[in-house]
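First chain written, first letter: the chains are A, B and C, and each begins at residue 1.
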Amino acid sequence: MNRFKVAIVGAGIIGASIARVLSMYENFDVVLIDKELDVGWGASKANTSIIHPCHEEDPEKYPLRAKLCVEGNKIWKEWSRELDIPAKWPGELMVFHNSDEEKEVRKYIWFATKNGVPGVRIVYRDELQSFEQNINPDAIGALYAPSAGTLSPFEAVIAIVENGVDNGVKLLVDTNVLSVKIRNNVVVGVETSGGFIEADIVINAAGLYADYISHTAGVAKDFWIKPRRGEYIVFDEDVDIKPVKILHTTPTPLTKGVYAITTVHGNLMIGPTAEDLPIDAKENKATSENGYSYLIKEGEKLLKRLPPLSKVIRRFAGLRPEPPNGDWLIDVYIDPWGFINVAGIRSPGLTAAPAIAKYVLDLMVRRYEINLVKKKSWNCYRVGIKSIRNLNIYEADKLIERNPGYGKVICYCKIVTEAEINEAIDRIMKIGARPTIDGIKFRTTACFGKCQGSFCRWEIALILSKKLGIPLHKLIVKKCNYGIGDIKVLLRGEK
Amino acid sequence: MIEKKYDVVVIGAGPAGIAAAVKSRKLGLNTVIIENRDILGGIPLQCIHPGFGIHYFGVDLTGCEFIQRLIDEMSKNVVDYVLNGYVYSIDIYSYNEKLVTVVTPKGIYRIEAKTIIYTAGARERHLFELNIFGDRPDGIYTAGEAQTLMDLYGVLPGKDIVIIGSGDVGLIMARRFALEGANVRAVIEIMPYPGGLMRNVVQCLKDFNIPLYLGHSVIEIIGRNRVEAVKVAKVDENLKLIKGTEFILPCDTVVIAAGLIPNIDLLEKVGVAVDPRSRGPIVNEYLETSIPGIFAAGNALVINDLVDYAAEQGELAAEGAKTFIDNNGIPTKDWIKIDVGRNIRFIVPHYVSGERDVIVYSRVQRPESNIYFSINSFRIKMFNVRPAEMIRIKIPRKIFSEIHSSRIIAEVTPI
Amino acid sequence: MKNEETELTCIICPIGCSLKVYRSENNIDVKGALCQRGIDYAKQEILDPRRVVMSVIRVKNGDLPVVSIKTSIPIPKKCISEIMKLTALIEVEAPIEIGEIIVRDICGADIVATRRVNKGLGLK
């Protein structure tokens, strides 16, 4: 059996999915590398969270995208169950307001038939209300696609990585891959900020930076990724306008349109904007007043009205990696042997991720003539952190009896208990990520609520400080320390 | 599951809650106080500055000294309390039976209560409730969080500080940072006048040469990993940005002291009527909310600047609870609404009976000098009124009982 | 010395009277005060401004890592940085009672504890 050391650059949704798929086989020793302190902190945590039906993918212009999107949509139903990822499948309505938009929308019916997307049809105004009570009554119709879903994208990455690590994947965080090392046209490994890592195969899933990585391998030198910034606004859970279906405006050539969805966490979210930034602006995730006003306007097109703006609890932005011409760059290279590009995975990247992973494996097997040997004891299941939030009081009481930590509520807005926070910390360490306050947030939804952490962030910090045995000020929030020192550090003249 | 029964359940062991619980006990009522945290005391525990207790105890104490006195009162009066208790829900079985479900590490408590006194305080406005865009780096704290870190846990959040909001909380934190050696670059205030007391502007800003930018707003935060700077601009009289006035202030820490909001989610869930002016519950003179038997006091009722008033409201609510229990409900009255007139932002309580003297708590919309504060024929001369300084006055019964048109209006008029 | 005029805001009570202080060679005249305390404050502020200083001091083996302190009486403004430096250098051992004197007679005042700290594990 041929065994390969595989280094995957980037622990986002793509890299993690590939790692999971590879972990099913004896042939691969996988190390998953990410420059951040935790997994999924790039585009994977700041997107619209949609599992697309794929009737918007042009099968003639982008056949690979269309094919893998449809497959991915199906596979997510399995993966979300196996991996206990919060997901729901409400279906979506592409809303149109005039005959021009209706004409555009009809195009997607044709795509749907070509791509094999089930149940797509136009619903006109009189029927529309019964589909979605919160819809803008001025809309003349919508294209209904029942196979649309939404899941928690950052929890998805975490779940996939936990399962991968459980099945032998090694995670290396806080490690910046600087270049791919090649000798005699064969990949030998990657040079990183933490030293050289040997690898027979390097898979480039580095998101926004996949172009740089590819260039260091001498491949696709004309391939450049533009960051496409998308802003979002999130409303508090307790608003009265929460669409059941996924709503979105009719797409434009630039973007999939703006969505209004009720996330799996129960929040109304509107977004994204779509703004192309210069190639080197790969860290510019600023929100803007223009973006905010634009999203309000678009949201009003979709919904009968918006909740009061005082109910906005968060505005954020993410960067999506936009390849030239919208084409995904997925290729398994013979020259250099061992380098694989999975780059520029723009929308429908999240939807297609599991299918992309299988596709890459398939390509690898064929090009590199690998005889796959399935692992006998591959565990497909992963269970999420138990929360008292979803239990009734009798179940909660029993749980507290077993573990009193479940009775100590830390995040009041989202009802996250000390037990869950401790478990989140354990899980971060178990996969080999660095414990941070943000890492705990993403695993428990603490600080995601109305007060945005003003009540509980320091309580979470206290728990983390106690568990790790390090002083409060040395804890890391997302990238930097919670404090610059103890309160007398400046008076002592130490800074 | 632990089942209990009490006359009074107090939610929140801050100054209003503890004062309410002690009073309630003194009035002979079976009382329990539920507290989220693992200690009693609430916010005053982290307030190391004086200004607490001048009215309530007759002496000027720091917040921590003040609350210790209240906690000692509680022990003396043997008030039951539950720590680490999160009130998950309030259910209304009947007119005078409420069920309070509390999550604690000992298990779930189901407490049958005849009355509830809700004193869960306020929450702070956070970054996204302000018109600030830009990056979301590390180094952004609310003022309360910064205060907790510094004065309970001895942590210094940063060294180059910009504070948003010149209310007393912001001013106090400016002084704290400056005293501990940090460089407070500026306090940014959107209104044309300071949000806090003049004495605090003197003691907290002038003393330390901290620049105060009135009529300005932070419009953007800049920073990749940690805060690196803020962009500030002048605003006009409508609080709209004036283009061309933007400037950058380098800093590594942003402290948001942009105001408090009554923390009443739990009450809203049971359907309590809320006053959009005070952002707290609508109450009658017994401090009873629109749900019979549920009372509110302290910052959960209305944002107070003096802890003394929060404690006083706690006691009034306890008296209200006693009246409720003794009479099987607050007796039906011909309640009169106090309307809000010229230059009044809000006035609490909202409904009076005309049968008793009533203490009212009010704030003006904008600062004014040499005015009358009046409620119908009751009139008091005041030199300066400012939104930052709550007006607290005991209005004699006869003002309400001599209403001819059953309309009462509170207003501020120039002399 | 000719007449010097200074504008002050009184900080004694929440009214915050705007004061005008006229200082001549052998006299200080205060205008605008509503009470005697304001006049006294203004004179003190002109001659020898004083403040109560509040801060925290680190605690060993307490249930909280710091205890809040204050100066027992207002101290000269120019002594503030000396007092603050001192708070950075000393540490106290739990338990601590409210009113306990931590440091005696510095710049004319004592440094007293304003919060109770019980014995505990001592946070890092």
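Simple rule for what comes next: a residue touches a chain if its C-beta (ideal position, glycine included) is under 8 Å from a C-beta of that chain, and two chains touch if they have at least 3 such contacts.
All of these numbers come straight from a predicted model, not from anything done at the bench.
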**Asked** Which chain's C-alpha centroid is most distant from that of chain B?
**Response** A
**Item:** Centrality ranking, top chain (CA atoms only)
**Value:** B
**Item:** Result of counting contacting C-beta pairs for B-C and A-B, higher pair
**Value:** A-B
**Fill in**
Cα centroid separation, chain A vs chain C, in Å, comes to 53
**Prompt:** In angstrom, rounded to a whole number, how far apart do the mean CA points of chain A and chain B lie?
**Reply:** 39
**Fill in**
The distance between the C-alpha centres of chain B and chain C, rounded to whole Å, is 26
**Request:** Provide the list of chain A residues touching at least two other chains, using ranges where the numbers run on.
**Result:** 462, 471-472, 486-488, 491
**Item:** Where chain C touches two or more other chains at once, by residue number
**Value:** 56, 58, 65-66, 84, 123
**Item:** Overlap residues in chain B, where contacts from two or more other chains coincide
**Value:** 150, 153-154, 180-181
**Message:** Taking the touch rule as given, give the residues of chain B at its contact with chain C in the complex, in rising order.
**Reply:** 45, 48-50, 61-62, 64-65, 68, 150-154, 179-181, 197-199, 201-203, 207, 383-384, 389
**Message:** Under the definition above, what is the set of chain C residues touching chain A in their complex?
**Reply:** 56, 58, 65-66, 84-85, 87-89, 123-124
**Asked** Which residues, counting only chain A, touch chain B once they are in their complex?
**Response** 238, 283, 285-289, 291-292, 310, 312-316, 388, 393-394, 396-397, 400-401, 404-409, 412-413, 415, 417, 450-455, 457-458, 462, 471-473, 477-491, 495
**Footprint of chain C on chain A - complex, ascending** = 462, 465-466, 469-472, 486-488, 491-492
**Item:** Interfacial residue positions of chain B with respect to chain A in the complex
**Value:** 1, 36, 84, 86, 88, 101, 103-108, 110, 123-124, 126-129, 131, 133-139, 142, 144-145, 148-150, 153-159, 180-182, 219-220, 222, 224-226, 252, 265, 268
